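Going in written order, the chains are labelled A, B, C, D and E, and every chain counts its residues from 1.
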Amino acid sequence: MDKLFARRSAKTGLAPGALVHIGEQKMKHVRLNLIEYGRETDFSEREISSPIECFPFKDKPTISWLNVDGVHQVQVIEEIGTNLGIHPLVMEDILNTGQRPKIEDFDEYVYIALKMLYWNQDHAEIESEQVSLILGDTYVLSFQEGDEAGKDVFDTVRVRIQGGKSRIVKRGADYLIYSLMDAIVDNYFVILEHMGEQIIDLEEELVTNPKVDTLQFIHNLKRELVFLRKYVWPLREVVSRLEKRETNLFEESTIIYLRDVYDHTIQVIDTIETFREMISGMLDIYLSSVSNKMNEVMKVLTIIATVFIPLTFIAGIYGMNFAYMPELQWRFGYFVVLFIMALIFFAMIVYFRRRRWL
Amino acid sequence: MDKLFARRSAKTGLAPGALVHIGEQKMKHVRLNLIEYGRETDFSEREISSPIECFPFKDKPTISWLNVDGVHQVQVIEEIGTNLGIHPLVMEDILNTGQRPKIEDFDEYVYIALKMLYWNQDHAEIESEQVSLILGDTYVLSFQEGDEAGKDVFDTVRVRIQGGKSRIVKRGADYLIYSLMDAIVDNYFVILEHMGEQIIDLEEELVTNPKVDTLQFIHNLKRELVFLRKYVWPLREVVSRLEKRETNLFEESTIIYLRDVYDHTIQVIDTIETFREMISGMLDIYLSSVSNKMNEVMKVLTIIATVFIPLTFIAGIYGMNFAYMPELQWRFGYFVVLFIMALIFFAMIVYFRRRRWL
Amino acid sequence: MDKLFARRSAKTGLAPGALVHIGEQKMKHVRLNLIEYGRETDFSEREISSPIECFPFKDKPTISWLNVDGVHQVQVIEEIGTNLGIHPLVMEDILNTGQRPKIEDFDEYVYIALKMLYWNQDHAEIESEQVSLILGDTYVLSFQEGDEAGKDVFDTVRVRIQGGKSRIVKRGADYLIYSLMDAIVDNYFVILEHMGEQIIDLEEELVTNPKVDTLQFIHNLKRELVFLRKYVWPLREVVSRLEKRETNLFEESTIIYLRDVYDHTIQVIDTIETFREMISGMLDIYLSSVSNKMNEVMKVLTIIATVFIPLTFIAGIYGMNFAYMPELQWRFGYFVVLFIMALIFFAMIVYFRRRRWL
Amino acid sequence: MDKLFARRSAKTGLAPGALVHIGEQKMKHVRLNLIEYGRETDFSEREISSPIECFPFKDKPTISWLNVDGVHQVQVIEEIGTNLGIHPLVMEDILNTGQRPKIEDFDEYVYIALKMLYWNQDHAEIESEQVSLILGDTYVLSFQEGDEAGKDVFDTVRVRIQGGKSRIVKRGADYLIYSLMDAIVDNYFVILEHMGEQIIDLEEELVTNPKVDTLQFIHNLKRELVFLRKYVWPLREVVSRLEKRETNLFEESTIIYLRDVYDHTIQVIDTIETFREMISGMLDIYLSSVSNKMNEVMKVLTIIATVFIPLTFIAGIYGMNFAYMPELQWRFGYFVVLFIMALIFFAMIVYFRRRRWL
Amino acid sequence: MDKLFARRSAKTGLAPGALVHIGEQKMKHVRLNLIEYGRETDFSEREISSPIECFPFKDKPTISWLNVDGVHQVQVIEEIGTNLGIHPLVMEDILNTGQRPKIEDFDEYVYIALKMLYWNQDHAEIESEQVSLILGDTYVLSFQEGDEAGKDVFDTVRVRIQGGKSRIVKRGADYLIYSLMDAIVDNYFVILEHMGEQIIDLEEELVTNPKVDTLQFIHNLKRELVFLRKYVWPLREVVSRLEKRETNLFEESTIIYLRDVYDHTIQVIDTIETFREMISGMLDIYLSSVSNKMNEVMKVLTIIATVFIPLTFIAGIYGMNFAYMPELQWRFGYFVVLFIMALIFFAMIVYFRRRRWL
């Protein structure tokens, strides 16, 4: 249900910009993680307990990255937003996890909403998590729904920054936000591989042993693709708008990298469309294999009935009790009838062979 | 029928701009409600009996909002329109409840036609009401078809104005009209949730116990989506044109809010498309579950007929009355035949097992 | 056939601009009707016998409207065209009733081709008539295929001009041509209502009593929609081009009215698309109701056959004439067998109930 | 096969501009026909044996039209092309009969590739021939695949030039090339009429007597439409680009005529689309008439089986040979049983009537 | 699987520009082949063992073409890229064989990714190989996945350069890269011919002897078309962007040749779409031939059952053992019954004839 749409109705009637969390609470406490680095500064990372701790970052020359795990505590988001001069509508969007991937440019900062996707192996379905990114001139904010485990797709970016030699450290906040987007899109390929494996399994099952469940399975896959498409299609426009320099927070040299993300997005979309075509082909094969089976069943019925019904009729005739039935008294009447029956039987068999039913 | 199209034929042959009410009369008397407010003025709200009472508002510095419930009394609309210099074609559009969502810019005012939607739980269908909005520099006119109960989606906006602290009070007429549009679009999410629940119910029914009615139910949902789509798709263009500042009645700071309405509209459209895909998937499942059932029925018939027809034939043979049938005189002829029948029976069962029919 | 395409082949090989009538002759004699009016002139209307009579109108200050019923007499069209300096290709288009709705701007005049539609109640189909309009600075020419009855959709416009108080009289030729187009488009709504009623009838029939004819009926409706669409879709572009002021024969104030015609056209197209979706939904329902019926038939067959074939087999066994069949001599053998048969019968019934076949 | 695609593989690996004929050789010798005319010059037409004869035409004030029948002799094309300064790629295109309709502007001349279509009545299929046109300032070249008969669609143009009074003679080379294109497009309507007649025949057959062949026939028509579409769609763009004056070889006054060709092209496309919709509707009708027939067959089987199987069972019971079966001894036992059978029979009939199976 | 998508997941989490080979290793050692030529220089071709050997080419006036067979050795690509100042993302793209056809312009050089396609006759499927092309001002780099055999589509280009008289030798690097692209696109026609032959075989099989495998075969073809389309569609945009002179590395005179490649690409796409339509038509024919067969089977069953079940019933009646059954004692009872049975039999036959079942 949640995948279909977020239950927004609770918000109906509230003023725009009214801050209400829409979605599921996935962890208990909000976790704030602040990373600071720079070309000439050392890397520092710390968990902070209150947003207030981190606001000096605005005036520092370093690049600051504040990652927020958990968006269900309205006051945390509000405090951060108010201090950094974020528009109320953006705060509202961060809190609403049913957001569509989008980008909004407010000159001083850019707001980007994305979907992080995970593959749930148990239910063979996609799980989505909303990620909000805000890019200022020297800072990046990232908001995740989070979970208790606390492991996420951004870990690889963190490791690269820690190392200190990565390109990220030598560049500005725009390159950091690109790295985060790249990490998210790269992760989509993992989802696609999981789905691809399922499709290949399905294809094999379809050829060797199609079952009634197969249809349900095909439809589940199709449905997951519908959701995947819903999450990825708008991303195309998001990256395209960034790449076309609609905002001035991105440096020229970072644009080339955005083009790379754009290419990946297109590739993901291409693969989704290919999957869709393959699945619809599988549906056709399934349905026609069902009707082929039906045909076979009907053939067996027809052959048996067509062969034996006339024979039974003949037996029926000589089972009649008429007082005067000359054949009954013939010496070889019985054997003649048996012989005729055998003749009919083989004639039928030959007929079916001719029609390729046997 | 009314949902399919308004019965316009009554108007055929009349001059353009001829004022005729097209649609259903939903309430007895037209109700006029005037709200006045401003940054430095107190809030006032009153029911007025004749449009004339309210015309001084044009020269006041306050923001005036005249809400008209009921568009079936032509002379009321005409009086308002004539006094405010509204183009006859706009008056015609207000009276014609079969309008398509649209926007028309007349420099001094903007005319916006929208659809307010309600969910009729009893018939599981969408009910629509036409809402016409006119934005002047200091005034807003809203025309609803209304109903006797008099409760509507604009109530929350009224409450926010009354409170006096809302952002609405601090801003101009453009923000008020945005708030009204926002209230209408927000309400669409309620419709979507109702439909979403129906879809989930349907899916469950489809898996556990598909019935002949299920098809009718699926088609009803599909049909409601067709109407919903028809109402919402044009809205996208309406908001997009407003957001692109084609009119100068909107301030820069309100444009950001319009972008928010635009996002919501896109989200509604996205969800409608997802629903459509799901419903068409459900139709496939239903149809193939019907043909699977057929297959099962055919299998049962085939198994029974295939097993017993040959056996009956054998019984028929020994029911013949030939004078000379040697087997009949054998001591254990009867038991040998019974045994052969049992053999055939089990051979058949094994055969069906092999073909996975049992 | 004529609806599918006009038999143009007769024209193959002729020079472009060669004047040949393509289409059906719908009336015997061409009828010419000239109306003259103006702000300060009295209204005059007269039937004229030869086009020559009317040519002084070019130099008069009044607005002249020449309506031609019947386009099968080449020399009439040619005479009018040559006198008014109409391009030969336009004359060719007027004569060819298989024209697509289109607009062509020749600076000094604009040529507009439209389709007038009538609903033929007897055959439940749309009949189309080609209407050509030419707008000069002070005159309007209209060419209809006409019919003997001589009643047409322009009558209402004539009445409004006669009245003398209509907006038409106060405005130029551009407003007159708008009025004619408006009359034609308004008439499309009548067609839509007729089709809508048929769709509603069909839906009811589909639920209560679907017949083999129903399919044919659905397809007829679908086909009429194909034609309707073919006639209306290009109109959208025609009006849109007029509205975008591609020609300078239209005054600013008339443009607003054209926007209204444009809206109506979009509404007609919208409704056509909705009808199409509904009809394709009806086709689905029809087809699956057919297969549901088949299912029921199969079930009845299966139940009867499955119940009685085994019973008949048992009866067959005891109908065998073996000399030694111990059961036959039992005192209650007959009743025991009857009882077993009854047992099998009820077991079957229970089984079918369980599978929900009964 | 040739219609599917030209066998280009022979060319793989050759340099671009390498002159190789791709396609079928349709006539033995290439035929060169040169027509010269002008406003003040007399018309002259002659067959020439070598292209060299005709090259003085470049410096003459007259309009020269060189028509080449047969494109399989590479050296002829090469000689013409080299002398007139035609780009090697254009020569390659002329030789390759699998070309797509296209236009290429080389400033000094324009190259246009088109498809001439013929209706082969015997196989009920379209035959296509590639036509290449080159427009210089005072000359026109046309290349056809030709056939032995030597009759073509351009004959009517030739006749009009000969007559000397045609508009062609009074105008430049651009009007001549327009006339040739017009002749080709006009001919498409003949194809459409042939197909339209086939569709009407099919529809009738579908209603009165659908056969297994009907499906094959429907698919053949569908396939021809696929090819027709492939040939005509790109033409739209070709004419549109000419009409938008992308080349300066066309005079203003000829543009209006090109608009006419454009309209015809759109009309052809429109009709193709209508045909497609009708054919897909016919496919639906065919398929559902097949399943309706199946239904009827099943009903007959079910009625017969359902009526007689229980009756046969009853007869079977009284055919058993139990020593003690009281009914058998009853005086009217036989008649009572016959009466019961009749009762059951009529009850069944009534039941089927109720279900509308009879 | 590999065709579905490259297994990128191994790369997830790596920094952008990290050089990792994605794809299958198709040959053992990377092979480097350097060709140098010029208008006034002699042609030279040599295999080199290390990229370092070839870097002087940058300063030479000749055109240098370095072809790399095998992209699985990261350090080779890196060495070449670093020396020529190629962007790390481009190197990444060269190594990733799951690339989508694309073009990227870096002012000093242009990167083009393409797909070389081969037809695998054994599996009746398309095999793809990624080709990366880099165009500098005086050099061209080409990267292929390569295979042990070392034969490729570029051989024809090499031969033309060797000959020394080809247009390639007289022109710049831009013409060389065009020649390579042309060779690749030309090769697509070979693929299309192979598929076309398969389609024609299929069509014949469908008419003469459709089998259960046929469906699988149709779907395989459909699937190959999906892949083919995926490879060719983006190429259209690639060539279109080149042709529109978005890069300044192409000379005016080469643009005309690019237009030719563009035309070929469109032709390939056109043919793919035609194939798709034909295959979907074949699917329809297959499915309806399956249901036609079913119909025939059902008819045979129905005819036999309908004829013999009533007859068997009559025989059953006279097999009853009632003590008093007057008919049994009649002299000709038996023959009368036989006659009645024959009557019924022929009546049935006539009935089936009438219904066209026989």
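Odds and ends about this structure:
Following the convention adopted for this analysis, a contact is a pair of C-beta atoms (placed from the backbone, for glycine too) under 8 Å apart; a residue touches a chain by one contact, two chains touch by 3 or more.
A quick note: this is a predicted structure, and the numbers were derived from the prediction, not measured.
Using the contact threshold fixed earlier, the set of chains in contact with both subunit B and subunit D is C.
In summary, the chains found to touch both subunit A and subunit C are B. Spacing of subunit D relative to subunit E, judged by their CA centroids, is 26 angstrom. Multi-chain contact residues of subunit C (touching two or more other chains): 291, 294, 298, 301, 305, 309, 312, 316, 319-321, 325. Ring order of the chains (start at subunit B, first neighbour subunit C): B, C, D, E, A. Those residues of subunit C lying in contact with subunit D across their complex are 1, 4-5, 7-9, 11-17, 87, 89, 92, 98, 100, 102, 104, 106, 212, 215-216, 219, 222-223, 226-227, 230, 283, 286-287, 290-291, 293-294, 297-298, 300-301, 304-305, 308-309, 311-312, 315-316, 318-321, 325, 327-334, 337-338.
Chain contact summary for the complex, subunit B toward subunit A: residues 155-156, 160, 166-168, 178-179, 182-183, 186-187, 189-190, 192-193, 196, 199-200, 207, 256-257, 259-260, 263, 266-267, 270-271, 274-275, 277-278, 281, 284-285, 288, 291-292, 294-295, 298-299, 301-302, 305-306, 309-310, 312-313, 316-317, 319-325, 357.
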